[in-house]
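As written, the chain order gives the labels A, B and C, with residue 1 at the start of each chain.
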């Protein structure tokens, strides 16, 4: 059976005046129905580029190699007609920044109805309205509120509307780019609850992108950690967050202290240095300049992503410390 | 450390209130009777959701916002809002604003940004070691962990990473040799790996310069990382305050408990996800202002203790500043039966 | 730069920073073909204006010293023919470049200073000063330009400086509105709050933070205003309100119109000054648009 989403050796680079700038380098990833997969990483690691490539929304100056298969069909080579049918109906995306992604002068009802009307022109107005009401209820907004404008909603409610829009055409796959960034802790918890519930009820597959590993560990089944365009660690959310193997994944996990942990009191865990310049990556492992476990061998070749005890890690020093 | 040990607080507020009239004529209460204090060399965390008034409190404490009631005392003396005394205050109390990217003038180099305070307060003339302006700027940048400093002098903000910008802002504040630094969400816009570095820097500055620090945050993990004391705010009031250990390990206010339970790392607590968001400050609920969202009120715990009526109608006393663990909650005030 | 080099003095740093900024802006400007074309056209006119005494004898402007016949068509002696008094149109055109450019720049300078100061103060301060200035700006904006300019020119008298003043005083409101809106948006930026936290007063905030950030807009706007000012000078001179003692492109057009060059077919008297006006205005507009893109990254991204 085909996977819901399969990335096969996906590489994306941008054309710039200083030559090609690699953003994503050889990523393999699979998302199945009913599964939530998270991609964690910091700004510039390529996670947002990856998310946009799934629906072929990458910028024009991006050069893509490899394959993106949604339900077994290659998104990168399909015709425009197929691609339009695929967007919304089979796979949809929730962008970060709900405030800017909603049209301020149109009622949320109209905005949610738009993709439905486009993809199912046969529906009557009454049917569409009923569907919009249903969607709003699904994301926890009373259907009676469907005639408000975005500015009348709070940040969390707007994010819920964005999710309702993504669900509008009953897609099998949802990509969420930083769905909770800029939301308060409590509202973030509400949205994460909503997402987990929807995945369970609707059986959809979901790819969540976030810079916050702790958020991902909360809702995801599997998590991939990206650094400098590559996946450096991939495993169950529990493994990656509780017992990370790659030194970078370790540093990310430790950045969020457990409240009550005496070891973290007055001892914030940090990682020195900045991510590598993509124009001049270091030889060998890209994380080596910031790594505390680095040895000479690390500078020789980029370590491959290897299976280690039920998960994958791209580090030759795994198990060394 | 308790209030009784006789140390004069560096900065304190008493009965601090800020209200403003909205365009529609309603009165919004951003701060209501807030008493907090921070002692020399102490790190205080102001914690709450957006709309809790924590940023307004920080701005009022540094004199950027004039209170409509109550007062702010620095070194035991009330702040006066003449431009001359505010200027003097600025050289002792500095603030690093929330938005690191926007806080640097895009037309100024790192050098100019850091030198700005030095020039405004004529620190070259008053430097005891007789250092030049460039030396003072270099020293401030090194203290903020940017070494070697000269390499950054000519950089523009857009050529810096987020962590570097935050450090430049901290350097700009440190160049004035303040005794208190207020940091508004110092790491929320930074990548996780840089977060720890900035927090370690703040801790180190307290250690090496004896700096008092007020850190405004929504992140309880951050408070656990660096703060000595915590004040939890809700809708313009402090609802719980005490030492970090007391407040985070044995929270007594249902709001603090709920906040703690949704921190993803704590799985031993059942998440108590509150419904809705912080209410509109023009319509503050009567009685306990948290009761419409309070899980203990909703699940009948308050009713069982016979105080549901009190939660709805009886106003709570103000949480006063000081060392002890204090809480504004009718339920917490009722002896366990 | 090695880490062992002695710390640079503040002035050295400032100078380096400035050269680096200029170089970067110039590189951006160079990438803009229309702007370069504008700059070349303008350069030609500036050279002509500066070298006027070398290119044509100034004596040729005096009616009494005229050597040609009345409205002679272009010939080997008079490349662009002569006017009704027998003066060489080419000589008048060359010397007119000086006057037209001078009036244009002078008027723009006046307009920019008034517009920038009014806009900055109206945007930065709150309360009645700001409201008053804003009303004043609006008031000037809605007064029809030509009647006001004509009345002012008549009252002040016909001289070169007066023409510049008239144009300057009537053309600042657009600049003021632009600067005011820019100031309003910059005033809300966090770096102004940071300056206040550092202890900066209003003067410091305005001169160190607001002004440097609106200056590029002022600069880009200036070039566009020069174009308008030159057109206005032409208009006023054409209406006979220019300096009677000096030849400008506008006064040439007036002269041509007065002797009916249009009906007698003396195209050489009308077309050259007309083309010059169009070219200079075009040059300034092209440069202005290019500068706007250089200074406004948001336009560049498109």
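Simple rule for what comes next: a residue touches a chain if its C-beta (ideal position, glycine included) is under 8 Å from a C-beta of that chain, and two chains touch if they have at least 3 such contacts.
None of these values were measured; they are calculated from a predicted model.
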Chain pair with the greatest number of C-beta contact pairs: A-B
Farthest chain relative to chain A (centres taken as mean CA coordinates): C
Approximate Å spacing (C-alpha centroids) for the pair chain B, chain C: 51
Where chain A and chain B are represented by their mean Cα positions, the distance between them in whole Å: 32
Chain B to chain A touching residues, read off their complex: 49-50, 161-164, 191-200, 203, 218-222, 224-226, 244, 248-249, 258-260, 262-266, 271, 273-275, 277
Complex interface listing, chain B residues touching chain C: 62, 64, 83, 86-87, 90-91, 94-95, 97-99, 102-109, 111-112, 115-117, 120-121, 132-135, 138, 148, 150-151, 153-154, 169, 172-173, 176
Complex contact set, residues of chain A against chain B: 42-43, 154-156, 184-190, 193, 211-215, 217-218, 248, 251-252, 254-261, 264-272, 274
Chain C residues touching chain B - in the complex, by the definition given at the top: 1, 3, 5, 7-10, 13-14, 16-17, 20, 189-191, 193-201, 204, 208-209, 212-213
